[in-house]
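Common to both upcoming complexes is chain A, partnered first by chain B, then by chain C.
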Partner chain A sequence: MNQATRLLSTYTADVSGVCSALYELGGLTVMHDASGCNSTYNTHDEPRWYDRPSMVYISALKEIDAIMGADDKLIGDIVAAARQLQPRFIAIAGSPIPMLIGTDFTAVALEIENQCGIPTLGLATNGMHEYLSGISMAFTALARRFCRPAQPASGSGRPLVNILGATPLDFSVTGNIEALHEAFRQRGYEINSCWAMNSDLDQLANAGAAQVNAVISSAGLALAQWLQEQYGTPYLVGVPWGRLGAAAYFDALRQALHDGSSACFYSGLSGQGSGKQGLIIGEAVTAASLKAALLLQGGWSRIQTACPFRDYASLLGPDDIALEDEKQIRQLMEEADVIIADPIYRRFFKNGKQRQFVDWPHEAYSGRIYRRQIPVCIEEHLDLWQKGWLKEK
Partner chain B sequence: MEIIKVNAEGAQVRIADASFPQPFASGLEYGAPARGPWNIVHLGMLIPESHQIFVCAQGCLRGVVLTAAEMGALDRFSTVAIEESNVLSGNMEDQIIDGVSQILQEMDNPPRAVLVYTSCIHHFMACDLPLVYQTLRQKFPHIDFTDCYMTPTFRQTISPDVLMRRQMYSLLKPLPLEENRINIIGSALPMLAEADIKAWPQKNGYFVGELANCRIYEQYLDMARAAWNISFIPAAKAAGEELEKRLGQKHLYLPLSYDYREIEECLGKLGEALHLPAFDTAGKIRQAEHALEAAAKAVGDTPVVIDYTATTRPLGLARLLLQHGFRVAGVYVDALSGEDRADFDWLQKEAGDLPLYATVHAKSGLLARRQPRESEEKVLAIGQKAAYFANTPYFVNLVEGGGLYGFDGIVKLAAWMIEAMLHEKDTREIIQVKGWGCCG
Partner chain C sequence: METIKIAVYGKGGIGKSTTTANLAAAFAEQGLRVMQIGCDPKADSTIYLHQGRPIPSVLDLIRSKGNDFTLDDMVTQGYNGVLCVEAGGPTPGQGCAGRGIIAALDKLAEKGAYERYDPQVILYDVLGDVVCGGFAMPMRGGHADWVFIVTSGENMAIHAAANIATAVQNFQSRGYAKLGGLIVNRRNVAREMEKVEELAEDIHSRIVGVLPYSPLIQEAEEQKATLMEAFPQSEMADCCRRLAEQILAVCREG
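For the complex of A and B:
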C-alpha cells in the first residue's frame, strides 16, 4: 500500500500478530517497546483479556536503554518475571526502535534461556510489517522448537487435522472457530490441534500426528509448508464458508488426504454467467474463500478479491489483486455492484440504486469497533448472514 | 486453559512499608484494558477545525488510527507509514513533506491547522524537523502547522502527554492581553460550571476560556487574549510556563487537591491574582462536610478503592475519605509524585495497613479481578482501573479529576459516589472505550 493514507485505517502489525498467535499457550510474551505496542494490542487487537488472562507484557524500553543498548536490562527483567511466573516458554518480539539499534533477538533469547532454563523464542518483528507475518513467524518458531516426532494416530480411526492460522485478528471471537471445528467433526475429522485458538501447547506439539493440515489464513501457510517438509503432511488452503463452499472445500480436503498433495480449494473457481459484479476486500485466504462460496451460489458475473497485503498475493486467484493505494480502492469500489469489506472502507462508498456495501468487519483492521457485527460464515451460517444483507438491500 | 495462579508479593504493599516515590520494583509491564484516560489523539482533536497527520511505523499508527475511528473522527485524521526502506535510505524528511503534502492536496477543504506527529524513530535518526515544518509552512501558507510527538521512548525526559498538553496551545499567536479574560488550560475535560476556580471568577466578571469549549478555530485563537492561564494538573504546568514565556500570559498553578487547607491556599492565590472579593470558605467547607457525611452514610462499610487515573491526587482522596469514615481498601498507583508526599506521610502514620496495588506489575494482569477481594463482597471503585482490577460494577466513572475542583468538586464527587453505590454499570463495556467524556 502507498505510505500516505488520507482516509482509511491501518492493519495491525507483526508484533500484535505474535502476541495474538501465542496468547492461549501458557507462554510469557514480551513486546520490546516503550509502551505504544502494548496499549494498541491490549485495547484494539486482543478480545480475550476479560475471559482468560495471559502473560503478555511490554519491556517498557526507555531512551537511555536504547542509546546504551542495555540488553542486560531486558534480559534481567524477563528472567525475573519468568522465575516468578514459570511460563511454558518465553517469546520476545521487536518494534521499530529495537530494529533501529540492531537488537539481536536470537542472542537475547539464548541468553534468557541459559539463565532461566525456559525455552525462549527471539522474534525479530519491527512493527513495520502486517500482522500476518508476525503470526506466521511465531507459529513456525514454535513448531521448530516444540513439535516432536509424529506420534501414532489416535484410536478413533478418524483422520486427524491441524487447523493452521486461527487468531481473533482474522476470525474474532464471535463463533467462527467453534463452527469451523464443528464442521470438521461433522465431516468425520478429528481436530488434532488448532494454531492457535482452543488448543494448548501439548496439542500443538503433536501436530506431526495429523494426516492433513487446513490453512485457514495466510498466516498458516509457512507453518503448513514446514509441517509438510517435516512430516510429509499435505495441506489445503481455504475456509469452508457457506454451504456450497463447504461442500467444495471438503471434497478438496478428501482429495488432499487421498493424494497427499497440497492445494488451494478456491484456485480453480471463477465467475460464470451474468449477474452482479462483486468486490471483496480482506485477507487473501478468508476473502478468496468467501468469493468462492458466493460464486458457487451463482448470480455473479464476476467477483474480485482485493488484498491489502502484497506479500500474500500468491494466495489470491487469477482475477484478484493486491491493493496499492486509496485511489485504487476508490476506483475498484466504483466499478462494483456489491462491496463486501470492513465498515471503515465505507468511507469510499458512493451510494447508488443498484449498489450495496456489505459490512464484513475484520478485527485486524477495525479492532473491536464493529466486533458485534462480525458474522459467523462457516457452512450454512453464511446463508443466514446473506439473508440479512439481501433483506437490507 | 489452565488458570495461572500467582501470589501478590511484589505487586501489592502496605503503605507503611512502601518506598516513596517508587512503591514497586520496575520490570516488565502489564497494561490493563481500561482506557478512559485521554491520549494524544483525543487531546489534539480539541483544537477545532484541525487535522492530525501521524508519521510512524504501522505498529505505532494502529492505536492512534483506531482512537480516531472510535471517536468518529477519521475525517480529521491521516497517516504516513514509515517502512524499513525509509530508515535505510534516510529520506525521512522527504517522506514527511511528501506524505503530508499529498494528503493535504487530496483534501477538498483544507483544514485551518495541521498537527504533524512524529515518532521516536525520527528523533533517534536526528531527522531535520525544523526543515520539515519550515518547508510545509512555505508550501501551505494558509495552514497553521505545529509539531506534535508520539515519542514514548523519551517519556522520562518529557512525556508525550506533557508535550501534547503543551503543543495544544502552540498555535496561539500573540494578541493584546485582556485583563478580564482567563484560561483554564491543560485539561481534557471542561471544568464543571460550579467548580470553584471557574464559577468564582465568572461571577466576578471574568471570561473563562477552555480549549474543550472552543467550537471554531477563532475561539481557540482568542485564548491568546487572556491575561492569566490557570492549570491544575501536573501535566499541564509545562503548557502554562511555555505560554508565559511566549505570549506573556501569567501562569498560576493551583493543583487539584482534596485537602481543605490546600484548596483554601489555592483559592487565596486565585483571589489575590484576579483581585476577587472574599470567598466563603467556611460555607463551602460546611457543604463539603455535609456531602461527605451523606456519602459515608450511603456507602457504609463497603470497601472503596481508588486509582490514579481517576484523579492526579489518589492518596489525597484516600486520606479525605479515611478522615470521613470511609473504609478505603486500597489505592491503585504505580508511582507517586512530589505532590503526593504529604498525603503519603500522613497515610503511612495514620493508615499504615492501607494497601497500594500496582497496575503494571507483571503479576497485576493475573491478579486482576481478584484484588482486593476473593469474595463476592460489594466494592465501590473510584476510577476505571480500580473498577477493572476490583471487578466491580459499582464505580464512579471519572478520569483526570472529572472536571471537578475545590470544595464544590468534593461535594460533587460525594454525590457521584452515592449514585455509583446505587446503580450498577456495565464496567467492561464502559471502560474499554478510550477517552472518557470524549466518545463514551
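For the complex of A and C:
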C-alpha cells in the first residue's frame, strides 16, 4: 500500500486541465460526465469562473445512456447547443464513465463537426491522469487544428515569443502571468501568443510566426515540440523567477534565439558551498526554476526539487526527484531545512529551530483555499516574497 | 506497400481464430510481414501459430509489470515469422473485457509496435459480436480499414453476421472500417450457400471466399498447428491461399 495517499491531497485531473486550457478561447467545452457534484472543472479549479464567462458544460450522462452507448443523444445535444451558442470551436472531453464504456471521442467529434460545421476536437481524457496531460492534450489538439502557416512578423522588429503552458492551475490569477508578459516586454520581446491566458484563438493560430517559444510549465512541452517540428521554432524551458533567475533565463533565451537550439535554462545549475538545505515540491518546470533562482542568490548548500508527476521527470535536474509516495515525501521533508511547497504538505512538517516551511500554494493542488497567499515571483517580486518569509522566520 | 489492416468478426465458435491464423500463415507464405492480434480475453487466437503454447497477453503484462515491459514481451514470432499479439482480458466474470481490448490496443500503439515491426498485413481477430464499444475498437479509425465476417449457413451465425454488418454500416459516418465481405466457413447445413448469398444481398455486400468443411482443420489442431503448417499440400490449404488472395484483392481495389 505504498502508493496510498493517507494525509495528503491529490492533484487535479486531466478533465480540469482541458477546461482550464480552453477557458478563454471562445469554444464550447463539453465534459461527457454524469451530472451532480462535478463543478470541480469550473469552480474549485477555475478562478476565472466568477468574473469571466466561458461555455463549459456537462453532458449530464445518465446510467441508461452509458449502458446503451447513446452517442447519438450526446451528439444531438451538442449540435443543438452549438447552433444556439455559435462557438469558435467545440471540444468534447471524457471522464471515467466514457472511458470505461469506450466512447470514441475522435469519432464523436467528427460526427458533430459533420452536422454543424463547427471545428470539433475530441479529447480522450478520463479523469485518471494528472491535469498537465489534459492541458497538454488540449493545446496540441488546438495547434494541430488551428495553427496556420507562419505569417510574416508584425514589423515591430522585436522578436516574437509564444508563452506555452500558462493556466491558472499552475500560475493562478494573482499576477504572475501579467508580470511574466511585462518581463518579456521589458527585455524587448513581443508576446505573439500566450497558451492560454490573455490571448485569443486568432493569436494562438498564428503561433508559427514566433521566433522562440517559452515553455513555462510541463504542460507546454509537447506543444513546443510540435511547433518546433512544424515551424522549426526553438524553445526554452523555464520561468524567470527572481532577479538573478530572470537574468540567467533571458541570457538562455537570447542564446536559443541566436543559435536556434532548444534548452532548459536551469539544467546546469546545482548547489555550491555551505548553507541551508532546501526542498521545493511542485510541478517540474515552475519548481526547478524556483530552485535555480534561489541557488543563484546563494546561501544554500543544496536544493532538491520533488515533482509529484513522474511523466514529466525528464524536465527535472539530475539532483531532483520524481515522487513515488507519501513515505518518500515525509522522508525528504525531514532531511530539508527549508521546505517550499503547497500548505497541504505542512501536514508532514515537523517544527524545529533551524527549520522552516514556506507556503507556496498551488492552485492545481489546494484549489482556491490558499489563493490569496499565492506569491508573484517573476523577477524582483521573488525578492519581496522571500523577504517576507525570512522575516517570518 | 500500404499496410492492409483487416478485422475478422463473426459469431462465437464459427472459426474466426482458425481462419485468421490460416490467413496469417497464407499471407506470410507470400513473403508478407504479418501481425495477428487476438482481441479475445481467452488469448488463444494465435495459439496454433505457436505449437499450442500460450503467449503472454498485453493485459497480463500490464497487470503484472505496470508499464515496465518492452515490445518484445508483447509481440512474439510464430509460424513462418507471423508476429503474434494477444490482447487478453480480465478474470472471467469480472472487470470489462471490451475496455480491456481498448487498453491493450492503445498500449500496443503507445509502445510503437506498428512503427517498429512495420507489418504489411495486420489481422485483428475479434471475439464474437460487436457487443460494446471495446469490441468495435478494432474497426475504429487508426486500426482496421476492412471488416470481414466469418459465417456459416447456420441461422445464428447468419443473425450475428447481419448484426455485425449493421454495426459497420452505422459507423460509416465516423470514418470506421468498411465491410469487405463475407467468408463462408461451411458447416454443410441445408441450403447453406443460398442462405449466405441472401445475407450478402441483404447487407449489400458479397461473399469473398468459401472454406469447405474439412476434418483436416481438427487434425491440424490435434497437432497443435494451423492447417497451413500441418497440411501445406492439402486442397484445404489451397482454399486458404485462394481466400487470402481474394481478401488482398478486395483491400487493394479499395
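The rule is short, and it goes like this: the second predicted complex is superposed on the first by the 387 of 393 C-alpha atoms of A that agree within 3 Å, B and C clash if a C-alpha of one lies under 4 Å from a C-alpha of the other, contacts with A are read in each partner's own complex, and residues count from 1 in each chain.
Just so it is clear, a contact is a pair of C-beta atoms (placed from the backbone, for glycine too) under 8 Å apart; a residue touches a chain by one contact, two chains touch by 3 or more.
Remember, predicted model here, so these are calculated numbers, not experimental data.
Visitor: Quick check on the chain A-based superposition: chain B and chain C, clash or fit?
Guide: fit
Visitor: If we overlay the two complexes on their shared chain A, which of chain B and chain C does A:Ser217 touch? Say first, second, both or neither.
Guide: neither
Visitor: In the superposed arrangement, which partner chain does A:Thr167 touch: chain B (first), chain C (second), both, or neither?
Guide: In the superposition, A:Thr167 contacts neither chain B nor chain C.
Visitor: Output check: A:Asn176 vs chain B and chain C. Expected answer is one of first, second, both, neither. What do you get?
Guide: Neither partner.
Visitor: Comparing chain B against chain C, which has contacts with more of the residues in chain A?
Guide: Higher number of touched chain A residues: B.
Visitor: Kindly classify A:Glu111 by the partners it touches after superposition: chain B alone (first), chain C alone (second), both, or neither?
Guide: It touches chain C, and chain B stays clear.
Visitor: Let me test your reading of the model: by the given contact rule, A:Gln203 touches which partner, first (chain B), second (chain C), both or neither?
Guide: In the superposition, A:Gln203 touches no partner, neither chain B nor chain C.
Visitor: Touch check for A:Ser136: first (chain B), second (chain C), both, or neither?
Guide: neither
Visitor: Classify the contacts of A:Thr103 with the two partner chains as first (chain B alone), second (chain C alone), both, or neither.
Guide: second
Visitor: How wide is the angle at chain A between chain B and chain C, using CA centres, rounded to the nearest 10°?
Guide: 90
Visitor: Which value, in Å, gives the least CA distance between chain B and chain C in the superposed three-chain arrangement?
Guide: So the smallest C-alpha gap separating chain B from chain C comes to 5 Å.
Visitor: Quick check on the output: what are the common chain A residues between the chain B footprint and the chain C footprint?
Guide: 99-101
Visitor: For chain B, which residues are in contact with chain A within the complex?
Guide: Listed in rising order, the residues are 1-4, 6, 10, 26-33, 35, 57-63, 65-66, 69-70, 74-75, 78-84, 86-87, 95, 98-100, 102-103, 106-107, 119-121, 124-125, 150, 152-157, 360, 362-363, 365-366, 368, 428, 432, 434.
Visitor: Spell out the part of chain A that touches chain C in their complex, as residue ranges.
Guide: Spelled out, the residues of chain A in touch with chain C are 69, 99-104, 106-108, 110-111, 114.
Visitor: Across the complex, what residues on chain A touch chain B?
Guide: Answer in residue numbers: 1, 3-16, 24, 26, 30, 33-40, 42-46, 49-50, 52-64, 66, 77-78, 80-81, 84-85, 95-97, 99-101, 126-130, 200, 344, 347, 366-369.
Visitor: Quick check: in the complex, which residue numbers of chain C touch chain A?
Guide: 96, 98-99, 102, 132-134, 136-137, 140-141, 171, 173-176
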